[in-house]
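Next up is a structure, given as structure tokens.
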Amino acid sequence: MSIGGGSAGRDNDTGRIEAFSDGVFAIAITLLVIEIGVPHVEGTTLFGALVEQWPSYLGYVISFLQIGVIWANHHNRFRFIVRSDHVLLFLNILFLMCVAFIPFPTALLADYLRGTERATAGGVYAGTLAVTAVFFTLLWLYAAMNYRLIDRNLDPFLVRAMTRRYVFGMAAYLFAFFLAFVNVAASLILIVVLALIFVLPEPGERTRPPREAR
Amino acid sequence: MSIGGGSAGRDNDTGRIEAFSDGVFAIAITLLVIEIGVPHVEGTTLFGALVEQWPSYLGYVISFLQIGVIWANHHNRFRFIVRSDHVLLFLNILFLMCVAFIPFPTALLADYLRGTERATAGGVYAGTLAVTAVFFTLLWLYAAMNYRLIDRNLDPFLVRAMTRRYVFGMAAYLFAFFLAFVNVAASLILIVVLALIFVLPEPGERTRPPREAR
Amino acid sequence: MSIGGGSAGRDNDTGRIEAFSDGVFAIAITLLVIEIGVPHVEGTTLFGALVEQWPSYLGYVISFLQIGVIWANHHNRFRFIVRSDHVLLFLNILFLMCVAFIPFPTALLADYLRGTERATAGGVYAGTLAVTAVFFTLLWLYAAMNYRLIDRNLDPFLVRAMTRRYVFGMAAYLFAFFLAFVNVAASLILIVVLALIFVLPEPGERTRPPREAR
Amino acid sequence: MSIGGGSAGRDNDTGRIEAFSDGVFAIAITLLVIEIGVPHVEGTTLFGALVEQWPSYLGYVISFLQIGVIWANHHNRFRFIVRSDHVLLFLNILFLMCVAFIPFPTALLADYLRGTERATAGGVYAGTLAVTAVFFTLLWLYAAMNYRLIDRNLDPFLVRAMTRRYVFGMAAYLFAFFLAFVNVAASLILIVVLALIFVLPEPGERTRPPREAR
């Protein structure tokens, strides 16, 4: 709480950014459900009407996974980022702007997944995730370049591995974006696979032996 | 905040999972109210129109209780779970996906509780809670098996008592799911009774004497 | 984080209850805005249509004040409540159930404040606040009786002053409930006055001299 | 947690105000997305219908930036404000009332930006931000006057620089309000420029050398 901007105050800064980001993640992920409407039954059973809404559930599951995995990665990254500055703050706001937007393309995808406009809806969906990945990568590159805001004791190998990981993720989401215009289903499958890859342990974590917390 | 993954950092991990989960609980529980619409009065009094909406209030109260009790149990469990790994993180995301979904079957139940489709609506409602209980039990079993992620000093009797508690709860919610197709009212009564049981002190807590906090 | 339930763990319990409650307060207070619809202009100016919606803004302001003041009082009270048990947890969930419900009667009030049904809408609004006050008072009485969960070093005079404060508040909100059926405007004015009274310093705080925080 | 109101308890008070405010910021910023509706395609392509909705995206981006920057400034200011009292609490509730209101004028702006009523919509939008700036400035003036609630070790030059900064911001937002009635586009551009100015480092921060956090 010292005003001169010592190390503790700066570390606290990343704590506040993390806490605020976590709030946005938690809210965006929970808002996904309000896009699923209660069906009106007309000339069918409720069960049939609920089954008919499968694109809404699919969108819910995929977007929940995406935001959950983005949260976990953001959280992991802020264990390395130990200082903050105004550019980081601003990049983080732009990144959160993308995350908080996700419920909209999710609803769009659910509404248009079965129609002739599915490529547009899938493109907007994958495109939103791609732009989110771009900002996440920019955030990391800005923080990591010359150890600007990350822990100076980090192994350079680990930093480079992270950079490769995020640049690869960004490229893969961009590929999913273009794929949506060819085949929406393939694009969505790729997106789910990417979430499952990014929830896996990171480089440098795999060999860490289990230890007792206290 | 050490990068090598010492004990403090790992403990902090469960703290972040808890904080994020708490956010999702708090938002899901508060979103329940937006499913209750303001009635339009036509040929009746406002009082009559409000009374007519009783299934919405019933759904609100039952789901609020459920999410509140799930929150309390999740919170109690993470006092035992002192380490985290990627499988726990992933199981927790799947578990939260169920919790955040609850407002949808609640709205469904409110809309169809009095119609001929009440069994379907009640089944979806009880089924959502049952799947939530399944993931909660899986989360615990994964963490507790061979003391993988729980405190190594925990009494084995207590760990087994917890496992029994959660397996019993899971079975009871699955029973409520099947019961909904026979009698929705009985299924809902069972669900409320289960919430009241699970808000009770846990095994090992009953004999704890009251002490002064400081 | 000790498992045996020592003093630190218990104190932490009230911390988790507070954090979860704060989440519900923050979400309920922010959800108030989504009940205000964008007007459709037909045969009038947008300015006229916006002015026409004044009951929505009035409801927003009054409910925001109420939830803000309830939050501040809940927060102040949990500085005295230093232990928790399952009854407190349950009473707190019932209390939060009332707080999270407030957006619904607010929307009801906004829609019916100018019609012939204003007494019903005002009664539901004041009634919700009265039930909230009842649960808040029960929470306090349960915690304070025989110093069950409050700090044992608290001055008995202060405890009794708090009890009187909350019983008075409860009675006043119940009076506002009955008043709504006679005169809605008077009931709302009383509710605003109550919020302004309860945001004032509490007994025992007034004479506290300003000090330097560090 | 001492009851007598020592320095730690007071400092903790500002922590609770900050945490609650952060919750409101995070929710208000994330709720912006639910005002963007999924378009219904009639006689056009989905792409065309999405492009047609550009005022909604513009409103989302501008309001997200505004709330993000307001959050950062509020956060920075509470590093100086180390004590709280009831007036600060009340001013902060009024300030949050404005922040949480922002999704409504954003939706209004999106709906009316292209019509003949754009001046009214723009005026309500800029006016909401102006009133928010007024309450933020009042909050600061109340806390800073005679070092009432701020750190007594703060450089008087820094305090005066902050006051000038906020009074300037308040005046600029009021100017944007009046500008909206002349030219909405110019008003919005000014609002974006103001956000970009206020995300810049504050006086006294620019010369701070980067240091290692630990």
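Going in written order, the chains are labelled A, B, C and D, and every chain counts its residues from 1.
Assume a contact is a pair of C-beta atoms (placed from the backbone, for glycine too) under 8 Å apart; a residue touches a chain by one contact, two chains touch by 3 or more.
In this text, all values refer to a predicted model and were calculated from it rather than measured experimentally.
Taking the mean Cα position of each chain as its centre, A sits at the greatest distance from subunit C. Rounded to a multiple of 5, the Cα-based rotation taking subunit B onto subunit C is 90 degrees.
Homomeric contact subunit A/subunit D: same residue numbering on both sides for under half of the interface positions.
Per-chain Cα centroids separate subunit A from subunit B by 25 Å. Averaging C-alpha coordinates per chain places the centre of subunit A 35 Å away from that of subunit C. With touch defined as above, residues shared between interfaces to two or more other chains in subunit B number as follows: 1, 11, 19, 23, 27, 31, 34, 82, 151, 214. Across the interface of their complex, subunit D is touched by residues 1, 3-7, 9-11, 16, 19-20, 23-24, 27-28, 31, 34, 82-83, 85-86, 89-90, 93, 96-97, 100-101, 103-104, 107-108, 111-112, 117, 120-121, 124, 148, 151-152 of subunit A.
The part of subunit A that touches subunit B in the complex is made up of residues 11, 19, 22-23, 25-27, 29-34, 36, 38, 41, 45-47, 50, 60-61, 64-65, 68-69, 71-72, 75, 79-80, 82, 151, 153-154, 199-201, 205, 208, 210-214.
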